[in-house]
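Please read the structure below before turning to the comments.
For reference, chains read A, B, C and D in written order, and residue numbers begin at 1 within each chain.
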């Protein structure tokens, strides 16, 4: 299936990905990991939940850590342009028989809760509490110096269908991987905010969250994080990297927390804001697709992910295998 | 005058700044400077003109160097979302009695030529020839490794009026400097594409181009450029920096070519895409406004600029002085 | 006067510069500056004194901050190869009628205290307490991530004579500045340990300590320090930089503490270990000598320094002026 | 066997490693690799041989590429302090019944050719032609911006014996790996010039050259090299890295040329100049020994190396296995 044309007139205006809720079984451990090691900033915390933002963000939170018996993902959140867009969104999801609900969320205005056709819990909002800028409070910079949330990557049991659905919502494909044998899409990167992606989809048992990514200033910050994790008890949480992706051209590191939630630390992708920005196609068997420098990703990277609350998973029927490290 | 509300429903959709034409008196010298030293890539050249793009750009050009008897600026170019936006733009400028003209430009589709109320030559287009990506052809990276054009900065004889005019066009203020005595704006940074600015205005004799800026990967690329310029005959073209701006938080360097055209090399500003992103106010007398680290800018930086073709200049009536290096 | 031949058979074997004692009038302030901001590690402290080491050092201290009524310099310390070298040193200084004394120092073995002909207090030792390595305890890295003490720079009222005296001790000139009019040396950089210098001399009222320097990993650490100092109340302590020296090719920053003691933060000089390594000559009027990129140093940098305990100063009779920022 | 005491009074004074000759079967290919890609500078070339130096070196060459039918290693070269040291060296090797010969070498003074007890061809000299400095000719910097040769690493069939032999020559152990079961040394790092090593030894079939290493300014230069090699046809020459070694704390990359000669690109080890600098012991089974971040080295890294001209190899009798990537 070819990549569809960009939908330049989407039914409502999604500005960008905004936040996610990770359910974690050991909140103290997670605080040590996300706050003391990665360097995210606490904007609220109590015994059950911690709200975090990155250094250049002025919205109240990009990551919610919530204590729970099982490590899964509560929701993926997106900011829309206006209150009117929220109403249009409700209309659009209802028209597709997808569940919609207006929910109360701390620090946020009206929030529309829904799910995509695979059951991924989504929420949309126009207003979140705005906080004072801290991007020039350099004393607070710590760990990997995370600047902002960058994207979500999801396992999808049918990437072609994911592209189609999110494409209708106005996400535009910047790069994708084709399985040459079947002609089907094996992975895709789609954006709203003008970078390589707000959301990506990878073929596999899903829906599951493959990772949430944070943007950092330079590759040296990622090297600093590796040195820090390696000498403070987190060496086993390092999964893959550092390296340069062929796709997206970004410098990356993948790490996994105690509950298996994967984080990508990421910098140096490129601007994609033009409406006529052409998607780049990669072949699944191109060894430089994953890592420009040639190193294959480990099996865990292709197989492990976080389930979404209330979303049963199904296997993909596309069985083509990427290149996996021996 | 307070900063106006963001205009979230502009009359037509400007995607981003796109390109400029610099008229230069010694094309060979300018080639040595912009191509061999800064590292911009030639996409077309003959004896009279050189078209250039930066490493991650797929549009045909972001900079045109045109041989001319006088070193001035030919035009500031902007990309709009669609052909329909071009027609809306024509209507809007005509309604304000500003000149409009459809002009032929190589490598571009329909081009609307106009001027702002101060005579700055502007052009708008929706389509420019798209070239093959070169962002992963690392052999081509050279000089400061320029990734993309980032913004224009103009001297304005009345910054409040510039803010008002460009604000109506949908440019949103991210940071500004107030003259505490008069309450007037002394400088402003305004964006379309989600960074700190596509256009900035600085109080002074104008309209003149203060500088065009290019985005580079990290501060180390700027240090590399300084080392290169210092040892290849360009040491006198270094005007200011390196440093960190208080405003925009960007790491910067300013250089000036043989004709006096100023270029900023720039990295590490922040994302401003939210429609409710609040502007940051600075006081003209805050010494960390210009340079977070405290060093004042030289007098030349406040006084010298490039005139626009066909646009006579007037002095500003706002005489407040910034902090100038002794 | 020409630069003398390297003395390849010095009277005793000085391994490297080792430590200095800075007398400070506000120990709490100095702790905030050297420990919390620069990132040096405390190895001992009480109400009167703080001992510090840098991240890759295993000797007990490279910097002693001692509370005192006046901000001056207590001593410059050097490590020699063996106990036998200490005895040779005593003999050598005595033979020149310079004062010698065996003194008790905490954390150190036998210490020979003496003075150079201008009264600079020097001490030599072979053994200092060795501490556990911390260079891989990345959690401790902080501030500018100082790795090791690198060199001392002194104002000298007669640089030719300083070169001669320290040259006899085996310090080898790597670079020097000549005053073209008189043919006299205006500044010199001399090493024992295989970098550009352990000690440098600059023409001026002396003897005074111009600065003590610390080595850091990359220019980005210096940029981080500038950001940190600028936003934690230390912006006025930034004196000069960042920049690249013509001499030594090092990337530098100069900062001054509350008592006027100057520190250079420094990286990226070169290896000079060969006994036949030739000195590089610079002209005092070469604008790229101070800063490869052309920016002149401020007047304070040429005039201000720290006196040594018990060492009266005299003016230099060489009145040639370097290039000073207006 | 415990690590022997540092020999602080060696029989002659070796200043540092200096150069090696690699025999290569395709000189044009090797020029593309070492000159156009790594960025070493040609100081002489003809159809049979290319002499190279790195950016801050003033000696005529650190690497000789010589066309030959078989890709092996011609010699390992070392600079000694004085002509007198050469004579002492001759005496010392003769006294051990090792072959000695005075040979003619272009660009060098007297050269003593000999072999260590395992047949490794060594040469010592005091004088090599000195060239003009190029460390500030930034236009010449290219590829990974190699600054200087840093060390040799050899496979040794008996590391304990290698330590003993080179220890007598004054090489001092900075770090070593012990096989806990047998108490034998499995690897050792030994220096003369004040860094972690001039020579290292790794248990294995030998003598063979494991790699020659070059020092570069920062980890970002290594990332640049990876990007360049990956997009200019050298992706298969990337063997291991980038990463941080536990041992030496250095940031590293390993690459192998067409003949199998391995190069390490290396930065950020530490100063070891003190005569009482203590060696750090690592356990062979410590997964952070090889790579602080936990990633194991590939099998090729432990098995492949370059033979020395005229030196037959033997297997090691120490069969303990390091951790190898699956």
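A few points about this structure:
One rule holds in what follows: a residue touches a chain if its C-beta (ideal position, glycine included) is under 8 Å from a C-beta of that chain, and two chains touch if they have at least 3 such contacts.
The shown structure was predicted, so the numbers you read here are calculated from the model rather than taken from an experiment.
Chain centres computed from CA atoms place C at the largest separation from chain A.
Over half of the residue-numbered contact pairs at C-D are shared with one candidate from A-B, A-C or B-C, namely A-B. The pair with more inter-chain C-beta contacts, choosing from A-B and B-D, is A-B. Centre to centre, using the average C-alpha position, chain B and chain D are separated by 50 Å. Per-chain CA centroids place chain A at a distance of 44 Å from chain D.
One finds 33 Å separating the Cα centroids of chain A and chain B. Those residues of chain A in touch with two or more other chains are numbered 136, 218, 220, 227, 230-231, 292. The touching residues of chain C, when paired with chain D in their complex, are 8, 15-16, 56, 58-59, 79, 81-82, 127, 130, 133, 135-136, 147-148, 193-194, 217-218, 246, 249, 268, 270-271, 273-278, 280, 292.
Against chain C, in their complex, chain A makes its touches with residues 136-139, 141, 218, 220, 224, 227-228, 230-232. In the complex of the two chains, the chain D residues touching chain A come out as 218-220, 223, 226-227, 229-231, 235-236, 238, 242, 244, 251, 287-288, 292-295, 325-326.
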